[in-house]
């Protein structure tokens, strides 16, 4: 073949600054969530005279924030198109080990708390390693098995006993205030900031999104998919242990059957927050708002003493509402 | 009775925002192989979907045997004797060969509607035999090779007693020999009176098979010709709309010191005894039939999979690559074959795609610095001449050629020494092809050592400095520039490999 | 088309939320007729809350019914709550909500004796009178406990019953609820103590099985008992689900009369098995009376009629005068011996609870 | 993944050799069966009353409901979905039917079963609609509906249980009667297996379920109505849950609001043990039944072996995890052997 003409390149420049679009900005999913939150607060205020005051709003957070810590790593996991249904069992196992370490082995409480965190992280690590080593099995299968296993171990350790009588200061986690702000709220905000930065401002977070959209392409692009997954699952275990500490502190004791079905609540909150289980989508701020929506809704309806079966229906309907609204094309909310 | 079995008049199909077909025409005679050509995005795929009833046209009429007809779903088209063989994703990997063949037109008991498995197995076996294949009809589809799957697709079309078979790039994933089998099958079908619409990017397919050719461009009908009355150049003009030939830029790239040496690389069941070296500024063509193990060698070099024996040396140092990240850190980059699945994150903008492999570079201890990132992404995108409005345009919205450019740009972020390009122009239209060749030459000039895997003979010959030919997991021949010829490559790709042993 | 469906569906959802809310309030706020403003803390109506273990439990519903009856007699307002799962976590949430509402008293049937301590202490610090009922909380978390029956008596009476049924001789087994159920564990403890007495030396307790208060598990545990111990003469099931499941298994296997069954169960659940003789008789207290007594105890504390100390007495409506007695380090109000249900009286009780 | 598509040899000569290997796919069911037999022998040694006709019948009766649900769940999983709402659907249907029969004693058992199936079908239809028409992800849709159905059940029950004395003999008889010495529940389960076997293997629609799960894209091109199939599997799942609701209430002669809470996990575990892929497309009836049987045996054997109740969950988890991992490892070994045989 005889070379004839070489097509000259058409020189072009590309935009590198994203133009600010008010329309796009205000059509974000998180705004809708924020409106729902305002709606929930307004509804609660109109229903109960006890709802809208600082101490009520403040103390409510102590009620619902314990499991919210797991929502963050769960969001990361769901963005990676995985799921972890063993977190509830991890909460139980890590708290049981902590209590046994303190009560039966004579470990000082401070060290027992550290042990709790380590056990949680180890549970998560094991999930992560199994998922990475056995890629042909999905995370659902593996965490379903470890869910039964972890709780089983908790039962073996503590049998039918409750273990408690923690030192006085341990109660501070679940019940304490710092300058009038619940300690749990402070830690929650801190965790939200940390996870928000991790997800949105670091290379690690960018990798998580990349894996969620296309794990093969991520691997070919030099993203260490396995390591990222293991770390995120370990984080989930670690945060489950944090929840375990708060829960044990609030109850002053622990038992193998605590935190039953927490995983479903956590997944529901993450989904409401705009994290799609189809992977790659969602922002952390959405999950934070979702935590408060669900929490305040339950708390507020509790203040007018709605039966818990009604609450079940309300939460289920809210979850459906949240996933159906974006499918309506009329206001195009970007999830 | 009309002269044509199938005739489409003034077909228009609009999707939100785009007109995919604009008043196009098409006529198909009985017992004719009719090539349909056009660049990517010309509307060929939509056209097929209109014929097979997946899409309903917004305007226009379809005549079958001279009678107007309207299909509302693929089943109706099938019943009318129209079958389509798609390029990919049309089979069911978990189901048996027989089921794949009969899906949608299963044989059922006339009264109870029970599936008649025995009849289906028997017929499947018969059809496969007719196609010269001995595949077990009970085998799971997912365990077959691409070429075998292609044969199953054809068997499927035959089983529907189709009078009109549409083949969408059937040879794209096939080797020359496998393509030859396919031609044979197509010709025998034609001789039995079946009409075939044949879509392909390869000119050789068209000249070899078709008697007529129709060209679409930018959703418009350009024209139809008898194959022997139109020249290659005329056809290209018709397709591209401007004069262009497939050209290989001949820039002089100085060849420097050795940068990569591979010794006796082997992986059980895939390849063995792979040895070669690569110099800076050199383009090493790696060719052979599909399935010869080329991609597997490259993936092992890049750390996607592990090799069992042998060693790799980069710049004199022995490498221990466990994952792609290591390879990139050390200086080996890889442009994967399937850019949609392996190369790019289609839901992301151009910029983010480009910076993904080297995020650490413009992050500060793990913290992203988005301004720097955007600037660098823009520079690189411009360097490879991506046609887009901004770096925030989604990768999925780009044409094949531009997607490939973005994928190449990804390799430029890391400080690489060796770049492996796996089928860099696959599924890319002619206009973009030459641009990609230009980029490859530029890279060689900058001193990268380049391994280019390709099945297209002219491309390998035109671009490479040396050519390694693989056959069944081994390098059978290393051709120097002066030895380049299609015959030599074919011979090396098909001949018995020397010193063949049983591995493992 | 699709859009319309979506629209209709979301409308349905919104309505279901709204209807759920509106339906919920009357169900939860039992008596709205009295007291008027719910804000009226001083004077006016007092507000008494009752937290049961979980929702949808007829035993709890009856207790709540009795509680409400007592509160209405006293012109108070009854708040009836229960978490959807029988967990301490769920009860803590409800306690927090009740503290925020500044109720005057909380009566709780606890899912865990210790886990509620921090929450209940907070409630007491907020000036709320905390009383446990049915399943006690530890003595630090309550003012007093309303006990349906003396656990020692429950243990003793069941051993007496089974001994009589099997003729004082043979293997017996216990089918309990969950392994953590404090009530059951306490009763089983007393049963074992009772068995040490010489008159029961021929009775052998071979196993304590746990059916977790789940139907399917209780059934398979009963079946396992029957097969592992072919000579089994009697089963004591001190839990509603367990005794009913055991009754069902014995009926289906035609072992009525061969393996005796007794324990604690709801008359409604057990009616058919008592009538058929599979379980000659069994015991339970009247949950309505338990709830009723709890209501009056709460009112007595709130109104300052007593302090919940040992020896205090108060008027408990139709139950007459009740006395606070010692219970370990704490105090309790005792209702009396459990009531015996047999063929004669089951017919009149099965429709009551 | 790239490796998988590329590892099949181009040469057709290899086809014969591989087809023998394809026969090893049965290995899974055989392995599961071998494991069940070993377990049974082990238990038998500890407790001789394990393998008596009576106990085997009891086990079969107790596993019947689980296995019926597992069949439905398999179809859902094959389409790449999941259904977490079945426990709630079961409870709702059981509660409503129990209320109906307790209110009108003349209600025939057959009618009761049909009513239960009807209620379940409606519940399943709603989920199918959400998944197919609105594109809600199955895990979210069923999670939400689980809450809603459970709430409905509590509301319908008004805190009351329906007890055995309120149920007519004929209704309780559904689950306790027997034909030729075999319990009706077992017969119903057998009927469901046979119907499912025929439906899955010998009807178009049955195969289309697998087609949709195996490759949704090409199913569309082939003209398979994907939405119809999705609605169908969730409706079938709902119908089976409804049926099981009636059977459950009849078997235990009691309807509670919290019936079968968390039961979905056991059902999913049975499917996973039976080798159903969560990624869709594959799953065998024989495997699922064996999976359900294994879970049934575990539930029966652990109490009979006098294993501490506190160890039961741990053992169950270990066995599930072990079985799943072992299966994956065996598959890998087979693949590797296969590679070793290839000539290069």
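Here are some notes:
Should a chain be cited, it is by its letter among A, B, C and D, assigned in written order, with residues numbered from 1 in that chain.
Going forward, a contact is a pair of C-beta atoms (placed from the backbone, for glycine too) under 8 Å apart; a residue touches a chain by one contact, two chains touch by 3 or more.
Just so we're clear, the structure is a prediction, and the values are computed from it rather than from any experiment.
Comparing mean CA positions across the assembly, the chain most remote from chain B is C. Taking each chain's centre as the mean of its C-alpha atoms, chain B lies 42 Å from chain D. Put simply, the C-alpha centre of chain C and that of chain D have 35 angstrom between them.
Each chain gets a centre from the mean of its Cα atoms; for chain A and chain D, those two points are 30 Å apart. Counting partner chains per residue, chain D has residues 2, 130, 134, 148, 150-151, 153-155, 257, 310 touching two or more of them. Looking at chain C, residues 6, 9, 16, 20, 23, 55-56, 84-85, 179 sit in touch with two or more other chains.
Taken residue by residue, chain B touches two or more other chains at 304, 336, 342, whereas all remaining positions touch fewer.
Pairwise, the chains that touch each other are A-B, A-C, A-D, B-D, C-D. Taken in their complex, chain B has these residues touching chain A: 243-250, 302, 304, 323-325, 327-329, 334, 336, 341-348, 350-352, 356-360, 363, 366-368, 374-375, 377-378, 381-382, 385-392, 410, 414, 431, 434-435, 438, 458, 462.
The residues of chain B lying in touch with chain D in their complex are 52-54, 73-76, 78, 84, 86, 89-95, 99, 103-104, 106, 108, 113-115, 117, 133-136, 138-140, 143-148, 175, 178, 268-272, 289-293, 295-296, 299, 304-305, 336-338, 342, 472-474, 500-504. Within the complex formed with chain C, the residues of chain A that make contact are 47-51, 56, 59-60, 62-64, 159-162, 164, 171, 174-175, 247, 249-255, 257-261, 298-299, 301-314, 317-318, 320-321, 324-325, 327-330. Of all the residues in chain A, the ones that touch chain D in their complex are 83, 130, 134, 136-138, 140-142, 144-153, 155-156, 159-160, 216, 256, 261, 264, 267-268, 271, 276-278, 307-313, 315-317, 319-320, 323-324, 327.
Interface of chain D with chain A (complex): residues 1-2, 82, 84, 130, 134-137, 139-141, 143-148, 150-155, 257, 262, 265, 268-269, 272, 278-279, 308, 310-318, 320-321, 324-325, 328, 331.
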